Amino acid sequence: MKNTIERPLDVLNNAKGKEVLVQLKNNRQMVGTLLAFDMHINIAIDNAKEILGDEKKNLGLIFLKGDSVIFISPANVVD
Amino acid sequence: MKNTIERPLDVLNNAKGKEVLVQLKNNRQMVGTLLAFDMHINIAIDNAKEILGDEKKNLGLIFLKGDSVIFISPANVVD
Amino acid sequence: MKNTIERPLDVLNNAKGKEVLVQLKNNRQMVGTLLAFDMHINIAIDNAKEILGDEKKNLGLIFLKGDSVIFISPANVVD
Amino acid sequence: MKNTIERPLDVLNNAKGKEVLVQLKNNRQMVGTLLAFDMHINIAIDNAKEILGDEKKNLGLIFLKGDSVIFISPANVVD
Amino acid sequence: MKNTIERPLDVLNNAKGKEVLVQLKNNRQMVGTLLAFDMHINIAIDNAKEILGDEKKNLGLIFLKGDSVIFISPANVVD
Amino acid sequence: MKNTIERPLDVLNNAKGKEVLVQLKNNRQMVGTLLAFDMHINIAIDNAKEILGDEKKNLGLIFLKGDSVIFISPANVVD
Amino acid sequence: MKNTIERPLDVLNNAKGKEVLVQLKNNRQMVGTLLAFDMHINIAIDNAKEILGDEKKNLGLIFLKGDSVIFISPANVVD
């Protein structure tokens, strides 16, 4: 997969429709399916779950603003 | 619904006139009816209620500035 | 009134000359008459009063910078 | 005076040469004579005094950067 | 190597495909292979590991947003 | 001198080559000779001294980034 | 040397290839050889050492992002 990464946003392009972990500022974490993103790193996530310690809070479909994002990691899968 | 999400802002377009949960910085949360938004994610919400622990404070119609927004989630409904 | 809200700034347009509550960052709150606003959400407020717990401090006419604003709510009136 | 406020910056235009109170982030407050401002809300103040509890520290002429400003209030005078 | 550094981004250009240490705000640190970067210093890192005290948490491939970056240091190698 | 202040930056123009006090965010203070400034309020100061309580730390010539500046005050002199 | 400072960035131009002290936000300090800078004050430093109390941590070559910089001071030398 790493051969296809020419620009940082290619990581997100390749992750569309797949599970991602989103690390936000203030120690918030989300997991869910990446539906869309834009150049501000605003993202749409479906089946979003906020991770609160050992619990997950279901949020469903969310619009997440880019300026809260620290990093986005596609779920580890065998590739 | 997820088939119609091409861009992150489509989440907000689809939620116009519907109930949304807005997570703000500093642990503030609002619920209310999404009336309008712009590209700065400034939003107009009607029947806005600020969630303060177990209580809700009625705010009525509000203009909410985009730079305080972390995420916006349309209320979960059977679709 | 909600029928006339096409864009978020319409909330402020409709509130000109009326009482508003302005929530600022750092838990500051102001009330007063909205005289004018611009696209940075800089606002002019007359008869501004800063709410400090149970007390109000009269500030008269103020220029309030937009980057401190979290939300602006027109006073609830029967419409 | 409020009849002349079409835009927020008119508050500052009308206050040129007059005493103003400037509320800064981090609880700093300044008083002094407003000499000039620009669209970034950078301001020049003469006879500036920083208010520190019950004391005032004379700063004379200062250039104050706009991104520290929360609000600017012309001194209350009979108009 | 230092002869080839005409602009700051040349440090990152020279580090493509190599191990880097990324210091983030809020004391976060990442190590991994730099795949790509853009002018906002958004970066793609493969085999990313977050350093948490004495432990490392495997994150795999990540998109890291530039506004959290303090500095990026290519791993020290004999050159 | 105040007659010559048409714009806020005129305060800095008039202070070139003279002693200034620079108040920075996080309670840092610098004194020194203002050599140059630009529209971002980046400034060059010679014989810069950081004020740390009752002590001063000599820094010599420095480039100071504008986004840390709160205010700049030319030293009080009889004018 | 101060005769050659027309703009703030001239301080950095004159310091290329020389030792500099870089003060960062959050009390971080770096020393090292300034190789390059750009208009965002992103800088490349060789033989960078982070100063941690009485100790120095060798970082080698680093790319340092401009928005963490408070000031940059060329090392004091007899000029």
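For clarity, chains are labelled A, B, C, D, E, F and G in written order, and residue numbers in each chain start from 1.
Keep in mind that, in the parts below, a residue touches a chain if its C-beta (ideal position, glycine included) is under 8 Å from a C-beta of that chain, and two chains touch if they have at least 3 such contacts.
Bear in mind that the values here come from a model prediction, so they are computed numbers and not experimental data.
Common neighbours of subunit A and subunit C (chains touching each): B.
Rotation angle for the C-alpha superposition of subunit D on subunit E: 155 degrees, rounded in steps of 5. The geometric centre of subunit C is 44 Å away from that of subunit G, both derived from CA atoms. Subunit F and subunit G have Cα centroids separated by 20 Å. Within subunit A, the positions touching two or more other chains are listed as 67.
Tracing the ring of inter-chain contacts outward from subunit D, first into subunit F, gives the chain sequence D, F, G, E, A, B, C. Against subunit A, in their complex, subunit E makes its touches with residues 24, 26, 28, 30, 33, 35-38, 42-44, 46, 48, 58-65, 67-68.
For subunit D in complex with subunit C, the touching residues are 1-2, 5-12, 21, 25, 41, 66-67, 69-74, 76.
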